[in-house]
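One structure, as structure tokens, below. Some questions next.
Residue numbering begins at 1 within each chain, and the chains themselves are lettered A, B, C and D in the order written.
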Amino acid sequence: MATVLGVNQYGKAESRVVRIVRDTPVHEIRDLNVSTSLRGDFSGAHTAGDQSQVLPTDTQKNTAFAYAKLHGITSPEDYALALGRRLLEATPAASAAQVRVEEYAWDRIGDHSFVRRGGAVRTAVVTVGRDESHVLSGVRDLVLLNSTDSEFKGFLEDEFTTLQEADDRILATSLEARWRHATTDLDATDWNASYDAVLARVLETFAGTYSRALQETLHAMGTAVLGDHPGIAEIRFSAPNKHHFLVDFTGFDVEGLTNDGEVFVAADRPYGLIEAQVTRDDAPPAGDAWLHVPGFV
Amino acid sequence: MATVLGVNQYGKAESRVVRIVRDTPVHEIRDLNVSTSLRGDFSGAHTAGDQSQVLPTDTQKNTAFAYAKLHGITSPEDYALALGRRLLEATPAASAAQVRVEEYAWDRIGDHSFVRRGGAVRTAVVTVGRDESHVLSGVRDLVLLNSTDSEFKGFLEDEFTTLQEADDRILATSLEARWRHATTDLDATDWNASYDAVLARVLETFAGTYSRALQETLHAMGTAVLGDHPGIAEIRFSAPNKHHFLVDFTGFDVEGLTNDGEVFVAADRPYGLIEAQVTRDDAPPAGDAWLHVPGFV
Amino acid sequence: MATVLGVNQYGKAESRVVRIVRDTPVHEIRDLNVSTSLRGDFSGAHTAGDQSQVLPTDTQKNTAFAYAKLHGITSPEDYALALGRRLLEATPAASAAQVRVEEYAWDRIGDHSFVRRGGAVRTAVVTVGRDESHVLSGVRDLVLLNSTDSEFKGFLEDEFTTLQEADDRILATSLEARWRHATTDLDATDWNASYDAVLARVLETFAGTYSRALQETLHAMGTAVLGDHPGIAEIRFSAPNKHHFLVDFTGFDVEGLTNDGEVFVAADRPYGLIEAQVTRDDAPPAGDAWLHVPGFV
Amino acid sequence: MATVLGVNQYGKAESRVVRIVRDTPVHEIRDLNVSTSLRGDFSGAHTAGDQSQVLPTDTQKNTAFAYAKLHGITSPEDYALALGRRLLEATPAASAAQVRVEEYAWDRIGDHSFVRRGGAVRTAVVTVGRDESHVLSGVRDLVLLNSTDSEFKGFLEDEFTTLQEADDRILATSLEARWRHATTDLDATDWNASYDAVLARVLETFAGTYSRALQETLHAMGTAVLGDHPGIAEIRFSAPNKHHFLVDFTGFDVEGLTNDGEVFVAADRPYGLIEAQVTRDDAPPAGDAWLHVPGFV
């Protein structure tokens, strides 16, 4: 037998790039967490300690900061495409560059003053290859809750099943979603408008769907997003079921104390975890769009 | 020599209490993290294993959930006062009950649908004693940034000083603040209005102050808040200086590439840490208001 | 166009299962974090709210706890195989069950007293299918450091490269590794002995390898492990390069103060990230062994 | 009314200082997280933006790294004393310097190769004043578990009490402890031997004490440590009660399945939290030894 080098990539993770646009007294801010990786034939580095084809991760980081100025940041996707193209161009041995971006939103409180918004984080994963490129837009830490219009019943039972059917429960999740763009003209896309529209549709669908399980809600969201956006080929979800258990007041010796869906304990662990994908039946192949995207198939 | 039992307290930390008000089709939500502690003469439990004076932490937790219904949650402070009074009443050996609350805000996206806001967390620490009670309102994780109007110069130097003076830098912090109410009529206070007003004043002062150091900004905030609110005796801050370092582009071989306060790296560790207190010169004594409040003197 | 349901799975994540064996006065402890998932044809739940084929995640959790007693825990792998087989058997619609386990080690300090060891966490991912099963053993949070015998030079340079060549640096990583067993007789494997042997070989190789880049060290580890263990088909690594930067003392006005590889600052972010795989050239197909394994291709 | 500046301090938190001693081919490593603060009359910085008395936090950080070489690190306490004295000397306006250190332990796997041990973190807080100094040694994240010899019964009950008495339960905690040295000759203390001895005594007492509540176990530990060490004035504990709940198997339809203290779920939140102090009755005053020590009175 012999051993061979398999799939590999290397890069610099979590460069915290903050870009201030100060062309006028009213400043703008973009606040990103940028990770880059290169894939390709780097076997020399693995087997012979030969770095001659290796663009250092330090240089990748430098490029990420320089491109915040040279190219600018109008959206995570646009910036990541430019950065990925540059890294691929600078590295002949690479077959593809992957750029992963998280963006933290800030709200304005003055001409040059901001308060960080918190809540959902916008994400993008861009893979630039020699022949084709892929863009995944996304969101994580989108914490949603419906206080009614959720049930769970009619499920399969076995000898370990003790769960009672629920006619009316809280449904809550901390949603992570990523969607793949099928558009061929990546440079003509208005990424910010697209993101805002998808996010709005997800929220609206969550609020408007009577849920017989989290699976059904995810599917409704996915179908709604694909229905609105012909340029989106597929959407994937990773959704923990953040359990809110009704607190049992029956043991308390207090007359008239009831709990009709009013007081819940928010539980940490364990939690349900639903992973699902909704795709267009005529979606172009995903290629390596999802390769090395943590937590997604 | 002999050993003696010193200061001690016990309780249940981090009960995640979620209260849904569903009296109408438009539901309301309050989402709290509640910690309770009892202090007093519990030496029997420590030295002789005698629990007869010990109200179990499990009971404290049960009471926290029950009071979300029995008393209701109109504000962290009001709920904490009611819960603290109850726990003290139920525990003859206790000299005081401390209730610590964090509140997570949600935004409405439907009649019974919500998205968690993220960002700053509202806090309250209430200490209910046999003779007097104290209320600390507060906020944490309030991440603020000014992209200009901040300098740092004229500082003390020694042989280890290498820092260059800065005429124009980013000033950023993740603010934690707590303020002590001196009002004697705690039950007549509009806690929500008070919190909103203090928070607005903090934001406005941060945005409006030219800063020669984070210390000066904190002092300005504290003075502004006390000036507005005669009922607030003092305010304390714990403020990490979240460093944003200007990225050095001079080593790059790119003609015309400059960085005039435009691209920064947001650093994690180490960070400056400023702790400060602004107090009214005629403030009533703090008593045990600040006892066991993590991170504050 | 139409939308279709793609890859999906659901389950209960992070059940914290603690098993005490108390058959004799000298107790034993196994401390696990258990996550289970089921895959297959659950389209009814997604598209029609039909749970009749869905074994609730609550039941999966119950089974995880029950099997800690019914089957017992002699190793993460053995327990996960038994649990996965049971879940698959109980769920006709499922095509496979995946069980992910983390184990936390404890050291004995008395007959029934333990102190948690900390450090590296042992992991296992078992996928039980109708026709075949896969076992991935692994470790995470294995923090390794060489204080010399590491260099990085001869690398590719471009106009953004400012990194200096290093002849002698600290090499450190927080290793995550997973290796796939190719043995067909899974029930005859001594999982604990195998894990101990692989871990020892990884440590020994790390300590004994002169490193011209982290890639070379990973490759050496992988080759060594595969060389020792004919039953292991492949091994994959995710290795952050935990940078330790030499502190620059030249700016200090202290006579004779030098830093010859003695004082370093341990940096948090950004960090290099190397992902690599070493595989046997005659390895049997991986099938769905790596499907839904976060952070690994 | 007027506002006045109250208690304040400033400094640099979490400098990650790694010191390699490489005088021989067998290297040594000390791995610290260092935070420094200065207190005193810094009102100019707060009220007038005057930094002339302010030794920058950047300089404090530089000094922390330089002292890893100039003074060396034989123990957290000895290093912190030297660093604190230096910072106080360099800052005329300061009345005291506080140095907080965490140390991460590594195990040797080669002459210059190490694996991080994990588990308990050693801590020290040193306060150097103009007239006197204080040393607190400590440990955190010391996770302990007794699988029997723990009960909880005979407790106070009210109308919200539903807890059942427990004759035999798991007792577990993630202990944080700090103890104050009363020795006047701080430079003659063997800090490492002292730490090892205290830690051993804590473990031994935990393992050897039948516990009628966590309070009793803490008190036994404190008394044992003070009994052994005349130079220790007091010890303080912050001890979460890490609940392990017996899993209820009675609902499962499996003949003969019992759970006699064998299978537990380790719960995250809420948790009991016991804070306690054992002190020598003739202990010298604590002065500002505990000022600004997070989580301790």
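Miscellaneous remarks
Basically, contacts are C-beta pairs under 8 Å (C-beta built on N, C-alpha and C of every residue); 3 or more make two chains touch, one makes a residue touch a chain.
Predicted, not measured: the structure shown is a model, and the values here were computed from it.
Contact with both chain B and chain D is made by A, C.
Judged by contacting C-beta pairs, the busier of the interfaces A-C and B-C is A-C. Of all residue numbers used where chain C meets chain D, over half belong to both copies. The two sides are thus made of the same residues. Chain centres here are means of the Cα atoms, and by that rule the chain farthest away from chain C is B. Chain C has its Cα centroid 38 Å from the Cα centroid of chain B. Chain C and chain D have centres, each the mean of its CA atoms, that are 30 Å apart. Put simply, the C-alpha centre of chain A and that of chain C have 23 angstrom between them. Shown for chain A are the residues that touch two or more other chains, namely 15-16, 62, 66, 160, 162, 252, 254, 268-269. Interface residues of chain D, counted against chain A in their complex, comprise 159-160, 162, 251-254, 268-269.
Across the complex, chain A is touched by residues 15-22, 27, 29, 31, 62, 65-66, 68-70, 106, 109-110, 112-120, 141-149, 170, 203-204, 206-208, 244, 247, 249, 252, 254, 257-268 of chain B.
Within the complex formed with chain C, the residues of chain A that make contact are 1-16, 35, 37, 42, 45-59, 61-63, 66, 90-91, 152-158, 160-163, 211-213, 215-216, 218-219, 222-223, 226-227, 230, 234, 236, 240-241, 269-282, 291-292, 294-295, 297.
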